[in-house]
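Chain nomenclature is as follows: A, B and C, assigned in order of appearance, with residue numbering initiated at 1 for each chain independently.
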Amino acid sequence: MKYLSLKIEEINKLLKEKKITPVDLVEEAFENIDSNKELNAYITLNKEEALRKARELEDREVDNILFGLPIALKDNIITKGLRTTCASHILDNFIPIYDATVVEKLKAKNMIIIGKANMDEFAMGSSSRTSYFGAPKNPWNKEKISGGSSGGPATTVAARDVLFALGSDTGGSVRQPSSYTGIVGMKPTYGRVSRYGLVAFASSLDQIGTMTKNVYENALLLNAIVGKDEKDLTSANKEEEDFTRLIGKDIKGMKIAVPNFFMSDIVNNEIRDKVKEVIKVLENNGATVEFVDIKYIDNTVTLYQIIAMGEASSNLARFDGIRYGLSKENPKDIDDVYYKTRAEGFGEEVKRRIMVGSYLLSGENAKIYYNKALSIRDDMRKEFINVFKDYDLIIGPTTTTTAYNLDDPMDDPKKSFMDDVLVIPVNMAGLPGLNIPIGFDSNNMPIGMQIIGNAFEEAEIYHLASFIEKELNLKLDPKGGENNE
Amino acid sequence: MSNYFATVGVEVHVELKTNTKIFSNSLNGYGEMANSLTNVVDLGYPGTLPTLNEEVINLAIKAATILNCKIRKKMHFDRKNYFYPDNSKNYQITQARTPIGYDGYVEIEVNGEKKKIFIEEMHIEEDTCKSAHRGSKTLLDFNRAGVPLIEIVTKPCMTSGEEAKLYLEKLKELLFYGNISDCKIEEGSMRADANVSLRSSLDDPFGTKVEIKNIGSISNVKLAIEKEIERQSKLLDNNESFKEQTRRFDDKLNDTILMRVKETGNDYRYFPEPDIPYVILKDEMISSAISDLAMLPDERRNIYTSRGINIVNANKLIANRSLSDYLNNFIDTDMDFKEASNILLGDISAYLNREDKEIIDTKLTNDKFYDLVKKVSDNTLTSKNLKDILVKVLEEDKTIDEIIAECGISNITDSSMLEEIVQKVISDNPDSVNDYKAGKDRALKYLMGQIMKETKGGANPKLVNDILKRELNK
Amino acid sequence: MKDKLTKEEVLHVAELARISLTEEEIEKYQVELKELLNDVEKINDVESYDDDILIACFSESAKLRKDEVGEMLDPKEVIGASPRHSGNYIEVPVVISGGEGA
């Protein structure tokens, strides 16, 4: 019996009635992962500890809907006692001594951490091919990328190994791979989820996000991980809320904006056509959809490059071979420790970004580039906020193309940024954004649509997403299994 | 040397007296086992984030107030990026662009004239870890990593080592009195760097700047600056040019030693710390920090001298803060401060030093001290009496009257008993009585002496004087 | 606009980043870094309304922490993760010059 393909309420009922136990679920998850081994979705499996935890839960009261359910974590989320590598050689033996706040929250719900999922090294990349452990493969076509940087979490959810995964999204790293693999991926408002224990890439942009096969489960998972955290000064002081509360409601009177930039010729035709079809559906159901211009939206990749690389160059300075992690053996002096450890420990993409970031902050450049970028970023956020004075939500395609081939060349340093041109603006403005699958291209690869909300209006995003999900009723199991939304 | 004008600026780091570190809740302590006062934040573990200690902001507001600085109400932190093993994140969190305090001054007295030393800015930052060099290795102890600091930067407005010394002494006194820092230079909780440059004329631009780092004591700051002025003068005399550089002072060689020459200027790649949002100081927070500020030395000095304490004793009290704080409990009373300061600085200090105690460790209550000063001041107690009863006063839970009774001192202040003794002395010394009546004052003193002898020094002199005169004038 | 950085420019940023490079890598980065830097030059074509900068989204003011001591690590845990240590200390090859910072 495949319990993990049942509806979540049914699994919960079976657990409550003691017809199944968390051990059954964990064993099934590991069987799934094993049968999908070639997808390379994981860096580290947590088999022994997951089973131990599952057995421990057998006698416990089933106190919440997420009880006993397996979850995968992107490998840049710190887990006590469980290797956390950020897909980098420099941390490939790093066993943390504390838990990220989100991990504490998952444990409080008695969810079971099944393993640490593959990703781009330090979340830098858009195809997960910069992973020290090799790239994950797209369950829809193993020749294709799963996207990135949260490629592993997207792969394992899309392949139906597990129901839940957490990723991180600095410039689209949850939404873009969700789009490429046909799953639901939410990047919450900056500050909604604590970043404590998320290994920083670009601190002012990073946010942990939820990745699931459907909208309802996504909202449930978000319920579990949000909240003000005393350990993270950038976490927002917001009351808890139920993000599922608008799911299933009609969309009559909803006002939706589509930025012209999102439907320009940078996006391939098949994807634009799919989005237009969805727009029709929305209009037919009583929503108003209008095209708008958002100033600076076409500059966001430049802003992102400056801010993300600048911050990354500083955030990754701590990996120096002194206190933890990889260290050059028998160094002749302190510079040997620094230079050789970092040269050996970091991959090419990471080195490139650290060097460019260092340059952008160096001397007068900090003023010319970095401060200017922060200033325009402030303006851009105000532009977005203005749009939300007139509209409830913004929609558009998540990506300009569908997933491309794993063996496409990697020699263009700008490519990984351009893959994310449509998802980056959301991080720059700190807003919540979600990918919802809306169909397939001619090669049967998933196409995704992005729904962007005003700050802290994730519930409204789930509202529209659930409507689209229900209306389109797509078959989203790459192996052809039944839907169970 | 007299051919040049020296320009001196001073940068001081002081560690703040808080319970916890600035960006984490581990203990801010000194002298503990290596690496026992740390957590994952101090060590810069991946994924950790800074929090911001409220007390650091409070103390910084107080410091800014004491230094007459303007207080910035909206500020942020910056990252100063540099690789060094004592820096766990390889960046230091500091305030490069929005220091909490700016445009202040400290007043010193140079050769009897007041001079304002202008403070450019004071900002908050974190301390680095401590490193010890052992042969081919450097050992790192992160207990100090993240200890809160304020850095206070003067304008280049001093002209000599002596001025720098006076400034530092004043600064130390102020920060100590503000309860902001221990200011223990030997433990590193106060550290000073000096910048020195020379020029031939005050109309010239500033000369090449030399920084002298981490000078171990205030007197060495003076010495280091004087030596550096001497060194630079010689170079200039010989038309030798030199580059901007960092030196250290070696007190054994009594000279400054080159550490490094600045080539291109340090590239610290400052940028706003994204992990800490703006800090916005509400007016209530500022006013509550200021109202909590202890009375500063200058105000104490004014009060003490205006209440009859001489300047030497006033300064002695201020140098011993716990005594000064103790005396301040009586500002609103009619206590004789002059007598009180004599007692505090005399017998009580001697006792405290001998016993290695603080005044709060004794049984001296405010009421007892008030009573004691009053009795000494109105001659109920002689200085010898005071010496005799002091240990009891400080060690026993009894009132002054109870102690006096117990020691039998009350017998001597008993006037009927004294009258008997006076009568006896008068009848034993008729010559002196006649001399007195003939207007010789010395005779009175002699008679007094005789009475004191009879009472073994235990009589109240004022009372003796009164009785004696009354009897003689009969 | 020249199409690559000089070798010195690459070595300078590699020094800031503390990353050693082979001759081959230097050549590669001369081109690649320049491409990225050309890209970010576009920022000069953008005008901003005002000098306000965005530091952290949606946080009005940092919430300050009470000055209360929390849990600390055992020194054994501290040195346990470090590649080199002796006694309770973390160890590095000797560092001669004084600290640059505080």
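In this section, a residue touches a chain if its C-beta (ideal position, glycine included) is under 8 Å from a C-beta of that chain, and two chains touch if they have at least 3 such contacts.
Bear in mind that the values here come from a model prediction, so they are computed numbers and not experimental data.
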Furthest chain, CA centroid comparison against chain C: B
Centre-most chain, if every chain is reduced to its averaged C-alpha atoms: C
Pair joined by more contacting C-beta pairs (A-B or A-C): A-C
For chain B paired with chain C, centre-to-centre distance based on mean C-alpha positions, whole Å: 40
Averaged-CA centre spacing for the pair chain B and chain A, given as whole angstrom: 56
Distance between chain centroids, defined by C-alpha means - chain A, chain C (Å): 24
Overlap residues in chain C, where contacts from two or more other chains coincide: 16, 18, 53, 55-56, 59, 62, 65, 73, 90, 92-95
Contacts with 2+ other chains: residues of chain A: 94, 97, 204, 230, 233-234, 313, 317, 320, 322-324, 334, 338, 358, 362, 371, 374
Of all residues in chain B, the ones touching two or more other chains: 40, 43, 51-52, 83, 85, 138, 140, 267, 269, 272, 274-277
In the complex with chain C, residue positions of chain B that touch it: 13, 18-20, 24-27, 33-40, 43, 51-57, 76, 80, 82-87, 92, 125-128, 131-142, 149, 151, 213-214, 246, 248, 259-260, 266-267, 269, 272-280
Contacting residues of chain A [partner chain B, same complex]: 76-78, 84, 86, 91, 94, 96-98, 100, 195-200, 202-204, 230-234, 310-311, 313-314, 317-320, 322-324, 334, 338, 358, 361-363, 366, 370-371, 374
Chain C-touching residues of chain A, taken from the complex the two chains share: 94-95, 97, 189-191, 204, 230, 233-234, 236-237, 296, 299, 301-303, 305-306, 309, 313, 317, 320-327, 331-340, 342-343, 346, 351-352, 354-356, 358-360, 362, 368-369, 371-379, 381-382, 412-414, 417, 429-430, 455-456
Complex contact set, residues of chain B against chain A: 40, 43-52, 79, 81, 83, 85, 88-91, 138, 140, 267, 269-272, 274-277
Residue ranges of chain C touching chain A (in the complex, touch as defined): 10, 13-14, 16-21, 29, 32-33, 35-37, 39-40, 42-44, 46, 48-59, 62-63, 65, 73, 77, 81-84, 90, 92-95
